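Right after this note come the structures.
You will see chain A twice below: alongside chain B first, and alongside chain C after that.
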Partner chain A sequence: MTLTERVKGYELRLDLSYDPASDLWVDTSGCTDASGSPGSGVVVIGLDPLGAETSGTLAQLSLAAPGAEVRRGGPLGSLEAEKFVGPLLAPLSGTLVEVNSEALAQPAKVHHDPYGTWLVKLRPSDLGADLDTLVRGEATVREWFESRVDDYRRQGVLAE
Partner chain B sequence: MHPWPLRGNRLPAEERLRVIDFGYVSPLRSQTLWHAVAMGVSDGAAPPTLSFARPTAPYVGIGYHRSLQEVDTDVCAAKGLPVYRRMVGGGPVYLDQNQLFFQITIPARQVVGVRSAALRKLLGPAVAAFRAAGIDAQLDAATEIVVGERKVCGHGAGQIEEAVTVVGNCIESFDHEEAVSTLRLPDDRMRSDVLAAMRSYVGPPEGTPAIDSTSFTHAAAGAYEKALGLTASPGQLTDAELAHLDRLDDIFVSPRWISSGDAEAADEPAEVAAPDIRRYEPARRDAVDGGCRQVKIRGGVYVFRAATEAAVARGTVVGGRIRHAKLRLRGSNALQPDLEEGELQNLLGVLEAKLEGLGLGEAADVLRSVGAGGSEWRVASTLADTLDLVDRTGMEAGR
Partner chain C sequence: MTTIPLPVVKTDAQISPDWVRISGASAIALRFQSGRFSRDFDFGGINLLLNYDDGCKSDCSYCGLARTRPGTYEDKSFIRVDWPLVRTDDLVDRMAKQADRLTRLCISMVTNPFAYRDTCEITERIRAKVKTPLSILVAPPTLNRRKLEHFAEIGVDMIGIGLDAVTEELFRTHRTDVPAGGAGLSWEKYWSIVYDARDIFGPWKVNCHTLVGLGESDRDMVDTFLRLRDRQIFSYLFCFNPEPDSRLGSYPKSPITRWRRIQLAKHLVETEGFGSEQFGFDDEGALVRVSGPASIVQQAVESGVPFMTDGCPGEEGEPGCTRPYGSYRPSESYRDFPFRPTPDDTQQIRAEMALDDVFEPVG
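Showing the complex of A and B:
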């Protein structure tokens, strides 16, 4: 069940996991049991709202092809906004099973609807270990997100 | 004598801004040299670096994600213009000796996470350099370095491994005709639109005094050292960077890299670039006939041509508003059986006038409100359907 809350001006899904290193959200509901313990299945990955905001409107997006083996922290793709190319880093290790052709065709949608426009679906190879590196749980996610926004606002690079 | 003080050479690397003026270099090296610097800074073995170069001959550069279909490679080949793909963003650009290139490269961890803010911070010192060189430049809301409405500096940026590089070119003069000739465009009408827009919005205004390159490079070093809190000092490539340079020279001439940005073709180690990244070809934007072709002239200024089987709509968008719209129907007159040719031309003129100054988002709606089910409505609705093909990303926001 989705659980969305407005946090510091952003619509934030509290039921998802987040990778602080890559600005990506990870929906593990397809491969964890009711207690959140890892099982088999596929995770869905997308750009989180703050990642979308700090990137700007995406003009270009490239993603690894289905079947590609990616490792946590390694390249998952690249994106371009404001003529600035940056890497997309994989939040989990595993095999890509699907990429969102709609996001590839219209990257700007990722900016406007970061939760609705997922990027890839991935079959994790070591979900148990990788889960520990993600920010998870309603209170933890809320606190972590607030702190990120505050950080940017203190630097004066994000509007109030 | 070096224009930059030598005191920085004794400082630790993290406090130095290395300044390298490569001078005149081949078109290939005018790209690969700064990519090698980025890899050196990424390795941590080289300090943040401000570099300069000027190509000895003209060529065409294309951004990391962009399709080679946007470049008329036949024309480039006939003119002897090489085409090189860079690892930073932006579209196809015509580059020549009348442009002084500069690049600022710093470790990625030192770059603020908000892309627009990072870009403004790293382009700001270049504006100071322009001004020191006698050019009254400003960084505008679309993050372009301009004099009035005219872009006087192209730019692109990217994270290359663990370094971020922002590149720019100080445009001393610009050969608009040659630049337009290197673009693959669907017809001469659009070519004419692109040329007109480039003449209006790219290059220093007529009467601008010649840019003093030495003043520019000297002022840029001063402005970047101040902005970054570093001390500028002259430097040279490290041995590791020279090794990167050798490999980059091979990669950049590899047909596979040029066509698709795939470094594997040059038998490169995987760390040079992500080898398995799908490069999406945005067919709608690249279509030569049918679909929509858009050319960004500068931030906030685009030329578009949208075409269906039934109609063609062309125009220029400035700050999100349509200027100089041109509409025509193709082929048979099945759409307007009740209209004589003269009446049709009058109607098209009226519709073009209606579009002037409208935002793209409202233009199609305005056309669809014309007439009430008759011939005029059919014509206007067909043109509205054509305008729907235009990708409004960036155009409406003025980016």
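Showing the complex of A and C:
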């Protein structure tokens, strides 16, 4: 079930997992059981609200092709905005099963609707281990996100 | 009695002098807009652009603001990026709060009947609260000598002239004989403003924007550098970057090798005093020889300075206006560097420039 809360001015999905290293959200609901334990299936991955905001309006997005094997922390694709270009790093290891052609065709949509415009679907190869590296759980996600907003404010990359 | 109809100005219109556009980099630096740069560097060059409902009256073939480029003025990009619209007083307040980070301010005029009046008004609002050096990139058709003198009187210290096309023929083709009419843009008028500005503002206080990639030869570029240098006027290099939907939207950019060699040639002319005899050209005017002391040329390349953004300096002579990603995408090679190139950057520059193919050491 979707659980959204406004945190420090941003709409934050508390029911998702987040990778602090890559600015990406991960929806594991398709491959975890009711208790959150890993099972088989596919996860959905997208850019989180702060990743989208601090990159600026995206002009170009490239993603690995379906079938590609990716490793956690390895390249998943890249994004380019008016003043920024950077890699997208895979939050989980696994095999890409689908990329969002709409996001590729209109990358600006990712900036405007980061939760509504997913990037890739991936079949994890080691979900049990990778889950431990993600930020999960309502309270943990909220606290982590608040501190991240503060960090970005200190860095001067958020509008005031 | 004869009456002259005046343009109708809507009182609620978001136009200059109460509103201005600022560059995307300026919007990020002043936190009007979230965002970051690909690499970490200090940035303090704030660029303002006048804003009018009916836009710029010019129709230059390569410009995002051209009258015949599709789209409303509000939607048009300039040097390929959006320029957010902000309230002038909010901008001045933010600049005042962050004055210690700012290096250079610049107001870009557009060809519009109100441009001179509004540039003066905005300059005075800035000067009342912010002491950072201020340049104006002028629109010559709106100006004369008296108006330039007034800019100096109200606190402007440098003047830029966007000549862009470096030969009379190219200027006419791209700026004067254009579909919507030339709006008073003429080769003679531009140069008369260059020379008037030089008289009024003094040596090395005036710059001419020279755009590489409009069809000029390397010889045309070097001749222009020499002409300007001999009058103690800076040449600020810009790299043509096709603006989508403009008349030159599908025109190619200059190859990076040509661009790097021109950057170096400009530096050698302007900073090292090279003369015309130190450059050789083929029948088409392409640069085929640069001759000079190896120590000077190699040191120039090693320093990285020739490849940095040409822009008005800060108060202490440091790079002031650096326009990051102004003429290239973040995923492309830096056409001009908004910071001193690192040794890795310099290595890449050397490879791009292939200087050995044209350099003849002397002495």
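The definition used in the following text is that the second predicted complex is superposed on the first by the 158 of 160 C-alpha atoms of A that agree within 3 Å, B and C clash if a C-alpha of one lies under 4 Å from a C-alpha of the other, contacts with A are read in each partner's own complex, and residues count from 1 in each chain.
Simple rule for what comes next: contacts are C-beta pairs under 8 Å (C-beta built on N, C-alpha and C of every residue); 3 or more make two chains touch, one makes a residue touch a chain.
No experiment lies behind these values; they were computed from the predicted model shown.
Would you mind checking whether chain B and chain C clash or fit side by side on chain A after the superposition?
With chain A aligned, chain B runs into chain C, so clash.
Regarding the shared-chain residue A:E80, is it in contact with chain B (first), chain C (second), both, or neither?
It touches chain B and chain C both.
Could you say whether A:E11 touches chain B, chain C, both of them, or neither, answering first, second, both or neither?
In the superposition, A:E11 contacts neither chain B nor chain C.
More residues of chain A in touch with chain C or with chain B?
Partner with more touched residues of chain A: B.
After lining up the shared chain so the two structures overlap, which partner does A:E160 touch, if you call chain B first and chain C second: first, second, both or neither?
Touch partner of A:E160: chain C, not chain B.
Answer with first, second, both or neither: which of chain B and chain C does A:L61 touch in the superposed model?
So A:L61 only meets chain B here.
Once the structures are superposed on A, label A:A108 by its partner contacts, choosing first (chain B), second (chain C), both or neither.
It touches chain B, and chain C stays clear.
Determine, for the stretches 201-209, 327-335 or 363-371 of chain B, which one clashes with chain C when the structures are superposed.
201-209
Following superposition on chain A, which residues of chain A contact chain B and also contact chain C?
Touching chain B in the first complex and chain C in the second, residues 53-57, 59-60, 78, 80-86, 155, 157-158 of chain A appear in both lists.
Quick one: which bits of chain A touch chain B in the complex? Just the residue numbers, please.
Contacts found on chain A: 53-57, 59-65, 68, 75, 77-78, 80-87, 99, 104-108, 152, 155, 157-158.
For the complex, give me every residue of chain C touching chain A.
Residues in contact with chain A: 24-25, 28, 31-38, 81-82, 324-325, 329-331.
Write out the stretch or stretches of chain A touching chain C in their complex.
53-57, 59-60, 78, 80-86, 155-160
Which residues of chain B touch chain A once you look at their complex with the stated criterion?
These residues of chain B touch chain A: 63-66, 87-90, 112-119, 143, 155-159, 274, 276-280, 282, 284, 391, 393-394, 397, 399.
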